[in-house]
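Notes follow once the structure below has been shown.
Chain lettering (A, B, C and D) follows the sequence in which the chains are written, and residue indices restart at 1 in each chain.
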Amino acid sequence: MSAIGLIQIYVFVLAGFVGYQVITRVPPLLHTPLMSATNAISGISLVGSLVAAGSDHGRMSTILGFIAVVAATINVVGGFLITDRMLKMFKGAAKPAASSQGVKQ
Amino acid sequence: MSAIGLIQIYVFVLAGFVGYQVITRVPPLLHTPLMSATNAISGISLVGSLVAAGSDHGRMSTILGFIAVVAATINVVGGFLITDRMLKMFKGAAKPAASSQGVKQ
Amino acid sequence: MIRQYLVEGSYLAASVLFILGLKSLTRPEQARRGIQQAMIGMLLAVVGTLLHQEIVRYEWILAGLALGTAIGYPLGMFVPMTAMPQRIAISHMFGALAATLVGIVEFSQHGAHLSAGAMAAVGFEVLFGSLTITGSFMAFGKLQELITGKPITFRGQNAVNMTLFAVTLGLFVYLIFNPGATGLFYLMIALALVIGVTMVLPIGGADMPVVVSLLNSYAGLASSATGFAIGNNVLIICGALDGASGFLLSILMSKAMNRSFSNVLFGAFGSGPAAGAAKKSAEGLTVRSTTVEDAAMQLAYARSVIVVPGYGLAVAQAQHQVRELAELIEKKGGEVKYAIHPVAGRMPGHMNVLLAEANVPYDRLYDMDEINGEFERADVALVIGANDVVNPAARNDPSSPIHGMPILNVDQAKNVIVMKRGMSPGFAGIENELFYNEKTSMLFGDAKSSLSKLVTEVKNV
Amino acid sequence: MIRQYLVEGSYLAASVLFILGLKSLTRPEQARRGIQQAMIGMLLAVVGTLLHQEIVRYEWILAGLALGTAIGYPLGMFVPMTAMPQRIAISHMFGALAATLVGIVEFSQHGAHLSAGAMAAVGFEVLFGSLTITGSFMAFGKLQELITGKPITFRGQNAVNMTLFAVTLGLFVYLIFNPGATGLFYLMIALALVIGVTMVLPIGGADMPVVVSLLNSYAGLASSATGFAIGNNVLIICGALDGASGFLLSILMSKAMNRSFSNVLFGAFGSGPAAGAAKKSAEGLTVRSTTVEDAAMQLAYARSVIVVPGYGLAVAQAQHQVRELAELIEKKGGEVKYAIHPVAGRMPGHMNVLLAEANVPYDRLYDMDEINGEFERADVALVIGANDVVNPAARNDPSSPIHGMPILNVDQAKNVIVMKRGMSPGFAGIENELFYNEKTSMLFGDAKSSLSKLVTEVKNV
């Protein structure tokens, strides 16, 4: 393993720490959006797929790359859209008016 | 900047995130030990100093390296000792017996 | 040179934006903006990649992006919230598919010239990728009820699985030192695909959420391995984030269900065995059923109501009716809170999204620990399609399969109204004493229609 | 090859252990074990380094380690807790010195052959390193009162500082593109050393803790730069951790003092200007002083006492007497809690270590937010050497320099006893209305002797 390979291990370990710390602090309220958000972010494999589909390494590479691009794009587009759709629904005390009004009756 | 230089930036950024998240969760109770602990850990520059003092790059390198080793070792030894000394002092409800005894009187 | 800086710069920026995006999920008010930042990060990374010098032809890329968008858009916009578990399962399949294919391309290009480290990365990538592909598809099938939700077991299953696993692992190790063995590489992929299937077969449909989360972390590890293989840090980072998320959520679910991982994965639970014990505590006890009119009276005059939603609410899609009822009660001067058990429903946060969809403000939703002390002061606990999460057997009956699982203290409320269709058990397949409690009245029927009737009645009180 | 793996493996392990060590500080029960793990990490890293292939001679290394240990041991074991601020300041000097020297060695070895990136790293390292060396030493001097604690200002100071700063920055940029200019490199170091001095000169001794924390983060950045320069990840990681810690603590202090960074760094506060306003609110008010006997009676019969320690407790070293008194009160049936203001004393956590040293269990120590609601129920608030942190002017007087700083609500207690030597103001140099409050009685004298007398008296009650 090269020097670069070694440093990549650091990147992985540190990212693992960051992930652990961030995820443990996400409240249960947002666990479903969390799942779909990590899903969308995992679509980053698009980056590898694009190179495979666009470089000139023979027909098989291109076709496999194409399928990979499709699969990854589905995750990116679908994942972000659904996460945003969900988060849009979460509202804080949007209608205190309505309920306090109720109490007054 | 080489490929390695680039990856090092990732290491720095990720470590910064980890640091931020860890430190913000240290309770005020332990802020003084935190200061001395980071101090001890900063003694890791020992690692660079040792190479400078021990490699054969001329008298000046050796002497500067030697001074660096001394300085870094002071931080490592002093820092860890004082942190441990402090943490040893922090005790939870060590004497509930004494106080509840008092209440009974 | 400049070009390389731009590419790498875009990756670094994307990594930071992704982390900040996930971090924003720790605070509901900021979550949406954070995720939008993550989207920008993704855009940056994609644009950056298109500058990559190896990319010479764009037609396949554009076709792929277009097709992916065409499929992804409806998956994002029109899938109902109730179908989220299967939606998420299938998306892990897509993620793993992309990782595996990139691994195959990498292998087919460099093949025998891969260093041991690079081969280990590629091997890891296709191994985890392949088993996640089929595993996720199976999970999807079970959740979507294309395949029976019952655990499928056969004699010698364990022996077969272990053998498969050992052979695959052997191939993996062999390939690290002999990366030229192309045939074995594809054999390894084929076996990993089979393992994905056999791994999920014996697990009951109801345990799928845990499996899906676990597969999420596998997909993450496959991504990270891709990053190692093609030397891309943003992939390593996203993979690690993904892996951590999947792993932590599956642990959380297992814990809240008071079960160990191995019990979930090998227990074939939620089906046969437990069902045998189902009727055991029901003997000699009677259920008191109530009418919509009576229940409406109770609710209309209650000062404090705690709503306990469960999986049945999602099945009935009755979230809007719940909110309507709650608003009516509040109009009459009562106070309504929602008690959310960590594993109510079929995925983490299930009840939260459901109620959010119906515009219930999230500060009315209380986690179990926050609200458990308040039941004793509540006039009515209104249990809507929840079962296991309010089963006192978890506290009282050491022989119960859910013993030790923390539950909502519904039985401490002054009155309990339970809405469900019949007496069938919930996910764990066990009888629930609560239904026989003298404080409890059962309002039988589909939650949606019962709630609609309740709304009409309460209006008239 | 194997050797390189061992070296790198030890660094990776050390990094992980360091992070886990700091993480353990989030929970007091685990803290000690975590720090011991970090020690093991350090040992691993050192042993790993000694395997490095460039190292050929060990005599200087051993001598350095021995001398460093000989100096570090007493600094770790015998420095009293009250001297912690200066102790920490001086250790930043050592850290920065090591980083700077490593940078000089790196430069002297490769000099003109350094790439722009490497030169930037080395330059950054010596720049931040040098100004931290002298800056920390100045801070140490002020805290140890070797230098006057008063801000030292002179006409044109700002112009001089800005010029120095601009020249140094210019040299840094020039060197990146012309790494062969050895003379300029050393000139840059010299200027940075001067900047360290002039930066700290105009800051009052009492503001030193903020400066020390800021220098901590500079030292961290210098370490990280060293890591970039010599290609060592563990240095990068530790530097980033250190930098984050110093930065966050200095922000925390500034916030708790309700002041901005720039106000601390350029405000020359805590001295002249404020002192002018000192006597302003004292006119026409009288102080009620009390005797040890009366105070002892009050304390002996109090059901609930809140002790508010401040900097004066550290000066008097009276922590053991406080604990003794508290135990006596508890014996008599009273309840004793300690209220810890975030910036009581002269460094973050100062009061906590002090009381821990006297064996006060940490669950008796309450943060400001936890205890502020309890003062109104307290029979006696016993203020020992605290001043600014209980000054109601922070709430009431918009013209006060500390206006807006959150304070402990001592004035809401039924009775207040204040122990201090005279009427001199605290750190902020301002008058304190609390002392003139009709509920307040002053017990003048050194805290240690007053407390000893109180202990004797309370015993006799």
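Quick notes
Just so we're on the same page, a residue touches a chain if its C-beta (ideal position, glycine included) is under 8 Å from a C-beta of that chain, and two chains touch if they have at least 3 such contacts.
Since the model is a prediction, treat every value here as computed from it, not as a measurement.
Comparing chain pairs A-D and A-C, the larger number of C-beta contacts belongs to A-C. With centres set at the average Cα position, the gap from subunit A to subunit B is 35 Å.
With centres defined as mean CA coordinates, subunit D is found 46 Å away from subunit C.
The distance from the centre of subunit A to the centre of subunit D, with each centre set as the mean of the Cα atoms, comes to 40 Å. Taking each chain's centre as the mean of its C-alpha atoms, subunit A lies 15 Å from subunit C. Across the assembly, subunit A contributes 3-4, 7-8, 10-11, 14-15, 17-18, 22 as residues in contact with two or more other chains. Those residues of subunit D in touch with two or more other chains are numbered 19, 231, 233, 237. Chains touching one another form the pairs A-B, A-C, A-D, B-C, B-D.
Listed in rising order, the residues of subunit A touching subunit B in the complex are 3-4, 7-8, 10-11, 14-15, 17-18, 21-22. Note for the complex: subunit D touches subunit B at residues 11, 14, 18-19, 21-23, 25-26, 28-29, 31-32, 35-36, 38-39, 42, 45-46, 49-50, 52, 54-58, 60-61, 63-65, 67-69, 71-73, 75-77, 79, 81, 84, 87-88, 91-92, 94-95, 97-99, 101-102, 104-106, 108-109, 115-118, 213, 216, 219-220, 223-224, 226-228, 230-246, 248-249, 327, 330-333, 340, 342, 347-350, 352-353, 356-357, 359, 361-363, 365, 367. Taken in their complex, subunit C has these residues touching subunit B: 8, 12, 15-16, 19, 231, 233, 237. Considering their complex, residues 3, 6-7, 9-10, 13-14, 17 of subunit B touch subunit C.
Within the complex formed with subunit D, the subunit B residues making contact are 1-2, 4-5, 8, 11-12, 15-16, 18-20, 22-58, 60-62, 64-95, 98-99, 101-103, 105.
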